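Each of the two complexes below includes chain A, the first together with chain B, the second together with chain C.
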Partner chain A sequence: MIEERAFFIDYARCIGCQSCVQACAECDTHRGRSLIHLETIDRHDSVQTAPQVCMHCENPVCAQVCPADAIKQTPDGVVQSSLKPRCIGCSNCVLACPFGVPRYFGEIDQMMKCDMCYDRTSTGKRPMCATVCPSQALAFITLDEFRRTRGGTAINEWRFGDHPVRTKVYLVVPPETPPLLQIQGLGSARPSGAFDRNDVAAWLEQG
Partner chain B sequence: MARPPVDIPSLVAAWGPHVNRVPAGGWTTEGEPDRVVQTHCCFCGQQCGIQLKVKHNQVVGFEPWEDFPFNRGKLCPKGVRRYLQNGHPDRLLEPLERVDGRGFQPVTWEAALGRTAAEIRRIQAQYGPDAFAVLTGASLTNEKAYLMGKFARVAVRTANIDYNGRLCMVSAAAASKKIFGIDRAANPWSDLLSAEVILVAGANVAECAPITTDYLWEARERGARIIVIDPRMTPIARTVDLFMPVRPGGDIGIFNGMLHVMIERGWIDRAFIDAHTTGWPAVAETVAKYTPEYASRIAGVPASLIVKAAELWGPARTSFLLHARGIEHHSKGVDNCLAAINLVVASGRIGREGCGYAMITGQGNGQGAREQGQKCDQLPGARDVENPEHRHYIAGVWGVPESSIPHKGLSAVPLLEAIHDGRIKGLLSICFNPAVSLPDGHFIREALGRLEFYAGIDFFLSETMRYADVVLPGSLMEEDEGTTTSAEGRVIHHKKVVDPPGAAREDWRIICDLAARLGAGDKFAFRSPREIFEELRVASHGGVADYHGITWDRIDREHGVFWPCPEPDHPGTPRLYEGGRFGHPDGRAHFQAVEWRPAAEETDDAYPIVLTTGRVVSQYLSGTQTRRIGALVDQYPEPRCEMHPRLAASLGVADGDFVRVESRRGALVVRALVVKTIRPDTVFVPYHWPLGRSANNCTVRAIDPVSHIPEFKICAVRVTKAPPPDDAEAHLGPEAGGLA
Partner chain C sequence: MPPPVRVTARGADAAHAIAAGLAAAALVILGIYFGSRHLRDFDVALVPYAGASVFAAFGLGYRYAMWLRRPPTGLYWRRSWQLFFAPRHLPANIVRLARLAFDNFLAQKFIGRRAVKRWLAHWCIFWGCVLAAAVTFPLSFGWIHFETAPASLARYQAFVFGVHVFSFRLDSVLAPLVFNVLDVAALLVLTGIFFALWRRGLDRGALAVQQFANDLLPLALLFAVSVTGLFLTASTHLLRGYDFVFLSQLHAVTVIFTLLYLPFGKFFHIFQRPAQLGIAFYKEAGAASGQATCRRCGAPFASALHVGDLKRVESALGIRYATAAGDYQDVCPRCRRLSVALAQDALWRTHGRGPGKGTR
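For the complex of A and B:
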């Protein structure tokens, strides 16, 4: 039996090249529209970027808040784009998703979102973004392969305030990170006076 | 009379760049593609495998090619969107002739080729054979590169042929030849994975060789420590073990300083040095004065960082050096590379698994295109145009008297200078856009305007082709067939995917036709690119870059073959220098002692800031192709001037303000991008754009004395806040050199 492959996101690997964004728009089910998000955290401070695919929650918030019951899950847990005949374009899902994934497209009056390239994964291919990703910040591999080849910890349990969320997609975090990510609004900024490793001037002044 | 026939906005309106946003056949293709062709990306030296989908003789999309071993399906944004060049509204579909005051008008192939041949012979009769020059490119296949070298020497009979690899790989090539005796990456990329420490010097891997990123991160997962040397914190530098924000031009300080510490701490391989090298005493003597403190003053980084780098590199059991244009684009580019490679040889860590060295080749066929004889100083097989034995062998292959092969000609920058001062009167170019890519842009464009006759072969009307008298519509990579040689030294096969559109022709047919009109038809009687490759195999045989054992069939069966491969039963050579056997006749590596020296133009009170130039991930070289692809233009529409907040504050500039960047030679006006990720004494502008957005308006026309690479990485500028430009060019689209 072949172990099922899972989706991993590793922000430490991301180089911000936007291959995922460009390739997402080439996926057959929504060609011409890119559904992945690539966040530039703060270009003035850092080159850090962070890709965001749909995390495919076990009990998806987007579907829970949909008044038209337009967002369905496949039997294997992939949360799909809204059903066109049902979607009323209210954007409840867009506002409710803790990961900011669904997008409302006004020109077609419909919410569309990452469906982990269901047309590809259901036929044994990898999702488009994870296939092309030059840094493999987006990786579609088995958990066993992950444990053999990657140093970080893969987590898929979150708590947004009091709300627990378990996701099909894993986030790779440093090994010492606790296995459940608690998200409590915006974290505090780096303490002032600490070495800012993103500031080239700081590198020049050390030593 | 080579001048743009009408004003620039009129030319842009007629010939672009315009952006293509929608694939041939639209976003929703009806039914399955007619075929899916396994081939390679046309852009950088990594030459990633990709599958192109074809319907009705048009490329309508792509599919990753996960079986190709180098990239396993991975692609950068340029690779993903490259197929949008097909069915492009700017595509040149028929030969054109310049009509003064009216633009470019269609003519027949007969008229265009006839006039070109007549002008070549007129100019040569009037001014001498070398007064007509040929400029070529490193995006050409091996077959075309071979053909161009032969065409210049046998059909045109000029010494003056050179190529745009002169802006790319020549410093690395010269250094590699001096120390190792062979000009090629020493190792396949797979050796990166078992390196304990990786030194990345002047290589913005994330943006210029994106697929290499995964090799670095895989090595890191296995425990590798990574050092990055760059004036900017590039995307890979963000998370590496040691980042060294070197002062532009200070690299030798770091390398010699590291070697000084390695000697002091006993981290050199004496046994290897004794058995396999020459020249060590001179190197040891030279670096004796490069104490961390002395080296620090040259490098512009704290001495402690140089010591840390030596502590990571010195005692490792396996290691890999990668370098690219960041250390090579200097008037001391060769010396920078030599100093870096000395670190590899002194460690003895070369020619084994996980131990090695690679230059990161920039252009698509940057490796192969310099081996097949289109450099002014080389004949096929990476042979020397001044070596009597080499000349004799190639004369035999070509069936011409040895004495008829011209001697060494001018390299690209001196060649443009010779056009400027009237020694060269005519030019044929293919796949080269010097109006954007050469330094001191105003001088270069002035030179182009002085040509008596200029004919160009290309698929889009590049900024340089606007100066042409005759425009010959050639072929995109996927419209022709042939081989390239990737950064690894792996010879791979680009399949023909579609036919050229309209009356456009495969480049090799154009060249063979022209050769026939110059009276050399019998030497250019090729019926296919495969026949050209068969001659190339023989021409390269016995040379350093020996392709004799490589066939197209073998390439397809084996996912590429690494040269040297002298015989059909030879397995090819993925890793050079195994057993400490180097390419020089004595079998040894030749250490080269290197002293630091200043740049051609250092800063002063009038021009107090260093301008350094480079690339962004969504654009490629002079942008002839990538500035025509909408999705890539949208990703990074126009160049910005990166500067540190401290510098910005001292200049009174806020993020997004327009700034004028001005050197002694010219200026550009772009928006400022205020970021902490660059040295406060340096600004960065990427060079892919023309006109008032061209970084090369500022760069200095200074070249390395050995490699003749221009000093793109250092010139002195002043930067001032500027009002938004309001001239006609500024109102063009950003893809044409205007502003978004």
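For the complex of A and C:
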């Protein structure tokens, strides 16, 4: 029996090549619109770029705060994009998702989000982004493959403020990391004192 | 004054919703009784249709009330009305509502921007159904009826709530239109279904996510209603009434089934959708109310009104973003993405190997 594949995300591996951004727009469930987020993290914080797909929460906050009941989960735990007849474009989900995933498109008055390429994953194929990602920062593999090829461990339990979240998508972290990752979002993106964000020399001085 | 966010037990919700359903059904019954002048204009042959409508009204009242009991729905519903009826803005709001209703419901422009075939399908089905509903509900409730004029058998008179509204000659241009309006509606609906199936059959995205009960059953029901309706016309005009009784019963079955399905399946969006207009008012009021700024990057990311309301919805839902150290709801979506990536980065740093691309 083939072990079921899971989605692993490892921001640290991302090389910022934008392949996932291009591939995402090719997905048949939202053709022409790329829904993945690729963040260039400010140099002040890190040199990293980071892709963000929907983490497919077990009890998704996006669906709970949706007044139109437009976000549904498939029996296999994939949180779908908004139902077109229902979504009234209020952006509650956009603001409430702990991972900042859903996007609101004003011209069609609708929210759209990553649905793990349901057209593909429901027929055993890998999602577009994980298929093209050259560094496998986005990987759709079995747990066994993960153990054989990666040094870290995979966690899927989070706490945002005091709110616990468990996700279908795993994050790769160092071995022996406690299984729950606390996110406060408290770290200031603004360095103290007068600081020009475009002044690279000042960043370097700050270490 | 912000409207309250209600949290109630499920049992209380259901009792409330049953009451709302009964009230909706009672309204329809009263409407039928008084609208048909104490049943004087009520056509007994149409009792099954009227009965199914009463059941549908109950279902719709129940489902709508249940829907409004969800904290986010209830809050935005009350908020929308509060903003709409704000005395200072009411006249402008009424004009705005008319414009929004035209763009979103009559022309359905936002669907056109999603895809042309989707728009064609939806527009045809929508107008076919509106036309059919505008004729059949008043007819089966006894609100309108037709009679031959006492003076001339070649003249027909139309009555609305028992009041004579207009009359026309049987050989006038109007006559075939009046008698065949339901056929026009059926053809519109069938055209819409054709486009819908065309789109659904070819669009690989739609093929992956569509479900029979949710997406295809409604089309099948509309198809059955339209085709059996057209059979009746064919039987009358082409086949000299061949099997008319059976066909009319078949048609009644399809219509009744559709009415009973109305509150539960995809058709419920007809009643949900107007909330979209409320959200338009909400967004405008939000834009005028000042912006909330992200506590991490300091940039404005949404209206202060929206973020404040969302926090109340979250606390009603038991989403515990608020802590003594601050509220995660004050972090903008981009900073949330950054925070998660940075948290992972910090773990690898403290692990002593740095992010170390390619080493793992």
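The criterion applied here is as follows: the second predicted complex is superposed on the first by the 180 of 207 C-alpha atoms of A that agree within 3 Å, B and C clash if a C-alpha of one lies under 4 Å from a C-alpha of the other, contacts with A are read in each partner's own complex, and residues count from 1 in each chain.
What we mean here is this: contacts are C-beta pairs under 8 Å (C-beta built on N, C-alpha and C of every residue); 3 or more make two chains touch, one makes a residue touch a chain.
For clarity, every value in this text was computed on a predicted model and none was experimentally measured.
J.: So, does A:N92 touch the first partner chain B, the second partner chain C, both, or neither?
T.: Only chain C; A:N92 stays clear of chain B.
J.: Just chain B (first), just chain C (second), both, or neither: which does A:Q48 touch?
T.: In the superposition, A:Q48 touches chain B and chain C alike.
J.: Looking at A:D119, would you say it contacts chain B, chain C, both, or neither? Reply first, second, both or neither.
T.: It touches chain C, and chain B stays clear.
J.: Contact-wise, after the overlay, does A:V173 reach chain B, chain C, both or neither (first, second, both, neither)?
T.: In the superposition, A:V173 contacts chain C only.
J.: Applying the document's definition of touching, compare chain B and chain C: which contacts more of chain A?
T.: C
J.: By the touch definition at the top of the document, which applies to A:C133: first (chain B), second (chain C), both, or neither?
T.: After superposing on A, A:C133 lies in contact with chain B but is clear of chain C.
J.: With the two complexes superposed on chain A, say which partner A:G32 touches: chain B (first), chain C (second), both, or neither.
T.: Only chain B is touched by A:G32; chain C is not.
J.: Which parts of chain A are in contact with chain B and also with chain C?
T.: In chain A, positions 12-13, 15, 31, 45-46, 48, 135, 150-151 sit in both the chain B and chain C interfaces.
J.: Spell out the residues on chain C that touch chain A in their complex, using ranges where they run on.
T.: The touching residues are 67, 70, 72-73, 75-77, 110, 113-114, 203-205, 207-209, 266, 269, 272-273, 275-276, 279, 282, 295-298, 301-302, 306-307, 310, 313-314, 317, 319-323, 325-329, 331-345, 347-348, 351, 353, 355-360.
J.: Which chain A residues qualify as touching chain B in the complex?
T.: It comes out as residues 12-19, 21-23, 25-26, 31-32, 43-49, 126, 128, 131-136, 149-151, 196-201, 203-207.
J.: Name, in rising order, each residue of chain B that touches chain A in their complex.
T.: So the residues of chain B in touch with chain A come to 22, 27-28, 61-62, 64, 66, 73-77, 79-81, 206-207, 210-211, 213-214, 217-218, 220-221, 231-239, 243-245, 300-305, 617-618, 631-632, 635, 644-646, 655, 673-680.
J.: Going by the contact rule at the top, pick out the chain A residues touching chain C in the complex.
T.: It comes out as residues 10-13, 15, 27-31, 37, 39, 41-42, 45-46, 48, 50, 52, 61, 64-69, 80, 84-86, 88-92, 94-101, 107-110, 115, 118-120, 122-123, 135, 150-152, 160-163, 171-175, 177, 181-190.
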